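Per-chain residue numbering starts at 1, and chain names A, B, C, D and E are given in the order in which the chains are listed.
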Amino acid sequence: MAQNATTASPPPGAGLPASPPDLSRRPRPGEQVIKAVLVLSAGASILITFGIIAAVIEPALHFFEEVPFGQFFATEDIGSREYRPAVLPLLVGTALTTVIALALAVPLGLGAAMYLSEYASPRARKWLKPTVELLAGVPSVVYGFFALFFVTPVVLQGWFNLEVNFTNAWAAGIVLGVMIIPTVASLSEDALSAVPMALRQGSYAMGANRMQTTLRVVLPAALSGVAAAIVLGLSRAVGETMIVTMAGGAVKNMSVDPSEPHMTMTAFIAITAQGENPVGSVSYNMLFAVGLLLFIITFIINAISIAFVRRFRQAY
Amino acid sequence: GNAEGGESGGASGSVAVDGSSTVYPMSNTAAELLSEENPDIQVSVGFSGTGGGFEKFCAGQTDISDASRPIKEDEEVPVCEENGVEYTELLVATDALTVVVHPDLAVDCLTTDQVVELFGPGSDVTSWQDLDPSFPDAEIAGFIPGTDSGTYDYMAADVVGDESESLREDFEVSEDDNILVQGVSGTENSVGFFGYSYYEENADTVKALAIDDGNGCVEPSAETAQAGEYTPLARPLFIYVSNSAYADNAAVAEYVDFYIENLADIAETAQFIPLNDDDYAATQDALAGISG
Amino acid sequence: MASATSSDTFPQMAALGDVHMSAERRLPDSPVNPVMEARDLNVFYGDFHAVHDVNLSYGRNEITAMIGPSGCGKSTVLRCLNRMNDLVAGAHVEGEVLYHGQDIYQKSVDPIAVRTQIGMVFQKPNPFPKSIYDNIAYGPRVTGMKVDNMDDLVEGALRGAALWDEVKDKLKQSAYGLSGGQQQRLCIARTIATKPDVILMDEPCSALDPIATARVEDLMLELRNDFTIIVVTHNMQQAARVSDRTAFFTARPDETTGNRTGLLVEYDLTSTIFSNPNDKRTEDYISGRFG
Amino acid sequence: MASATSSDTFPQMAALGDVHMSAERRLPDSPVNPVMEARDLNVFYGDFHAVHDVNLSYGRNEITAMIGPSGCGKSTVLRCLNRMNDLVAGAHVEGEVLYHGQDIYQKSVDPIAVRTQIGMVFQKPNPFPKSIYDNIAYGPRVTGMKVDNMDDLVEGALRGAALWDEVKDKLKQSAYGLSGGQQQRLCIARTIATKPDVILMDEPCSALDPIATARVEDLMLELRNDFTIIVVTHNMQQAARVSDRTAFFTARPDETTGNRTGLLVEYDLTSTIFSNPNDKRTEDYISGRFG
Amino acid sequence: MSVATQTAASTVAATLSGRRRDRNVGSLVFLGALWSSLFFGVMVLVALIVDTAIAGSPRFDLNLLTQYESTIRKDETGFRAGILGSLWLMGVTALMAIPLGIAAAIYLEEFATKTSRFNRVVEINLQNLAAVPSIIYGMLAVAIMGLLGYNYKGIVLGGAMALALLILPVIVITTREALRAVPDEIRQGSYALGATVWQTTWRNTLPSAVPGIATGTILGLSRAIGEAAPLLILGLATVRFDPTGVESKVTALPMQIYNLSSAPQLDFQVAASAAIIVLLVMILGMNALAIFIRNKFQRSW
């Protein structure tokens, strides 16, 4: 083989072009059209955001034309039956149910995540993780039901003998928590699994056991990812509607006693939208004011979560 | 709506009904009964609430609006007028707001004043004894409909009549009447109120109170309500029909005609209290007025 | 410390592989008719200056090896030669890369046309998740090559990559069923199917076992007749075995930032580089003092 | 083909690194007092037979190198020596690994206790995302070691790893701020902080630049006085420079399945392996004919 | 420094076989806690299903699926309109959201310069949209349907619009993940042969990502099928006929459940419980399908 090669004037190779090949740019109209379509599709998401803002902001502005901020951000409704503008009790309701949800979902979700990522065999994880994720698939109407007809009467009043109202923040918060367990668990698991194997090996090679490795090396290394998971769960809980509408109650309540009923922002929207209020009335427009507030709150929460994710991505 | 008029009884097309969730079972039952006779008419019955219903109705989006209160002169009527929606109000049934208590409670009758005292805004009635010394000394828990419901409105505006048009705020509120039933039946010494049909369906778990409006205790029942004896808690329920839809859409006309023609049957099936003869005649006259 | 040198202690280690070394080729001192040339090539990844002022020319029907320690920018330079660096986010190239005298970094040049002329084989065999046949036919299909008979073309390419006999009965089977070495030869076959002029290879054997390595090296020497080959390798013996010319790169840490920038130390006939290097750094590297 | 050998052509390549080779040590032909021994060691990953019948003994206060081509099971064998393979899903070990005469694969043995005696340093530096101080203190803390003064212990370990002077002013800073070579020495410091008996190293320098490599090699020779070191390396020159004994592994494809199973080819004093190997395969490998 | 090198064999034996540090009380309690965390959720799911199934058991009959809602024969009331409606909504939602979502994902993952401002804005925006409460999408759909000139919004198109907006970010995000999972070597191999970006995407990357995209899409749709809040805002009404097109008035299974569960009649509540089981079967079925696809077809590169 290859005995003949003495360069200078090479043999006419199959792949060798006679003259310098044409490298000039050629038009690819199909490619351009496709790219344009794809850009527009990506841009659609921005349109949606503006759409939301536009859809919510106009009636919300009408609301604020008639209702001073002070009455909106008030603890009590001031004015007539037509005028129930206080939003702080709704914020309290939202905060209360969300805190209960997180108090349940963070330890359980994180526990499940640590089990899946550090203890379960890959085969077990392949099936266990989707099973936990099924919890996120249960429709919120069903959860609302379950909160009303099982958690309150059977669990809270029956097993725990709590003196709770029929609708209450406990049941709503607990079931909300169950709903967001998979969010917290699944994303935390991703973060924990993303911790390089080398760190675990390093720890085991020092004679650490699994618990020490999990708690002292893996968890701290995944912290910002875990934080992002928790914040995302938080925003889910804040935005959930049906559970709190059905099980949380329809009372504006400034107290922080979870055994009382509490109306949340989302429940307020759902109830008001279905209600009796004449359209264009102040109380109807308030629906959009609350919607706008809700949008802003989830937006802020999400910005925090994105910041955490970014930090977590930078780590490795 | 895309029906080209046929003869009555053979029309096809669609009818859009929306509005009060209280009236919804009536209109829905009417739709179901009609569909058995004429499956070509497609009726959709929404339950966006009286207010939501009027929004769509006055914007010309629906043909018929269910209402558990009359249309509001100052807010809703102008919108209808602006959009050129002319309508006819038809009284279709009576609802008897029923005040219920836990079945074990030794109270059977309240006067109208006591009802007002019990539910009025800022009420300081916390024990049954506060209402009447002969009542048991037991702390009251209350379950009332949501502030956005027609039922709440009627109790607040028409029975209690405070100018704030609201009720006391320390009772538990729910949009779901089943929750109220469950609340009252599950909580000792509790009181609540809701539509008659909910009481009728749950008569074995809660106890209805008779109301004394000056003429002795009157039990809520179809008869007392029809006879006009169950005051002041009996309230009228309406449907509002768009005149133009009725004229232009044969399906709407057939649905409304069928509705009013079979009003008694429909009310009975849907567990509402039918109109008395006088009211029924008035409704029929009003209907005739649309086509008129 | 440092008393006896290992070479004194272990003379056996001097016996270099004699497996593939084909008959000595008489080559001029520098490529007379270069197919490609890098001129003052500088490459940046974002702010990071990865490669500094590289000048190199690659001769027609020669195999040019680029060697050097990890991170010295060999792969980076190679990727500049067919504008694969365009696909790396943040990568930025300065200087010229001439192909038949034409700067492929000119605005008017279509990078896709460049890549049909200058093919590339990667470190890890990367067959497409398709059948063997479709892997080969992929290039001609996407480039819109006029093909009279695709079957013939596939056979020709597989024969050219010395793979035909092994796969001729399973052309419709997934390429993932092949062994690593076969996959790599499939990738070479895939490349020659589009009839390129130059073939770039980035450590084509480093994921292969010795036997598969030997096969690929044989194949490279054969392909030299028809193509110009530029190969990056970690394995100095491989460079010695297959290449006509060798370019030695290393990385120099920046004094202030500590970032290590790659640069070309020495470029010469392979025999010269390995027997009589000019630069102390080259000597240190090929004698195994570091890397 | 195969006419001239490269060694004839390129004599320069024979000059092996002379950087670290310490004074010749007189060692007996085989370890008289082995700290560890592998007996008929077979390792499987699921159904895949990765390592076949390895018998090896590692002498006290010696550095034993394990070399061989990629995939021949060096790392696998190394991981058996402190039961790190327990952590690999599907890994399964047969045969015995004796540590001071006791089989560490016995039921009664706590793998965690094994790892406190037999530390490990990895290919890529893997400091924990903690401060330098906490990295060192981690081992003593988790193993519940009785420590009078943690500061002293940290300083001792860092001095032992020749890192103290470079980091003594930033002990509370994150270990991620160190350079790659410093990180690797930190990992070594972290390992010696728990006062193990044996230190396993899996290509400890392959991610490091030449200067950092030289530092780590110096350190290994120093540590030999206090510890027994077993090191896997790809770099033959490194093995020649630092090790007392060398074990050469290769992989043999199974005739039916084609799976490549690793096996020990030859084990001897490093000087013998590199100057006068018994086995043709060893000779081929160290002379660069493949790998 | 002379350390542990001189350990005598006997002490070694003692050290090695001491208490097992992975089996000590603390570790076991910790493991138990993790295990319970995992199974808490599963237990809730079981309790929920069993509780509802018992409540709905009298109505596990064919009428539940084939009959329309009936006040006349409450014990035969059915969810035909809701089930068919949900299926229609699903189909139209898929038609709207999937092509748009996949196209957006392809642009972001394969075409866009990762560092461009547009790309960053879109990316952050998508993450935000994924967290927007579903009820707000109902408000948006009402506004869009108004702009499109639809008088009556409780039609297939309106509901599907709300649901499509809702799951669009989910689809974009999962599709991007699926595309990202295709190793770069495949793309580079294609580019090196002179393929364009679109050719590479269409012939290589996208086919390889199909299982991942399918999984994400099915999960997105299964979320949409259970949603009620945005449909509530849109005002989906009770109907007693099958949908025939995108302008048909329609109801959805979750809406029907929500509505009937607050009806006074016990028969309706029983039927609602039974319908919940139907809904759960649909959703769990879709989830199972997604998991199956993921486990069966997803290539681990």
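A few notes on this one:
In this text, a contact is a pair of C-beta atoms (placed from the backbone, for glycine too) under 8 Å apart; a residue touches a chain by one contact, two chains touch by 3 or more.
Everything numeric here is computed off the predicted structure, so don't read it as measured data.
Chain pair with the larger contact count among A-B and C-E is A-B, by C-beta pairs in contact.
Taking the mean of C-alpha positions as each chain's centre, the chain lying farthest from the centre of subunit C is B. Averaging C-alpha coordinates per chain places the centre of subunit A 13 Å away from that of subunit E. A separation of 32 Å divides the Cα centre of subunit C from that of subunit D.
Chain centres here are Cα means. That of subunit D falls 48 Å from that of subunit E.
Between subunit B and subunit C the centroid-to-centroid distance comes to 84 Å (mean Cα coordinates, whole Å).
Annotation for subunit A: residues 1, 207, 209, 273-274 touch two or more other chains.
Residue positions of subunit E with contacts to 2 or more other chains are 21-22, 196, 261. Shared interface positions of subunit D, i.e. residues touching 2 or more other chains, are given as 1, 112-113, 116. By the touch criterion given at the top, residues 1, 121-122, 196, 198-209, 212, 216-217, 220-221, 315 of subunit A touch subunit D in their complex. Across the complex, subunit B is touched by residues 68-72, 151-154, 235-241, 249, 259, 261-266, 269 of subunit E. Subunit E contributes residues 21-22, 24, 26-27, 30-31, 33-38, 40-42, 44-45, 47-48, 51-52, 55, 99-101, 103-104, 106-108, 111-112, 118, 121-122, 124-129, 131-137, 139-140, 142-144, 165, 168-169, 172, 196-198, 219, 222-223, 225-229, 232-233, 254, 257-258, 261, 272, 276, 279-280, 283-284, 286-287, 290-291, 294-295 to its touches with subunit A in the complex.
Across the complex, subunit A meets subunit C through its residues 1-8, 10-11, 13-17, 20-26. Within the complex formed with subunit A, the subunit B residues making contact are 20-21, 47-52, 54-55, 58, 68-69, 72, 75-76, 79, 143, 146-150, 152-153, 156-157, 163-166, 169, 172-176, 179, 182-183, 186-187.
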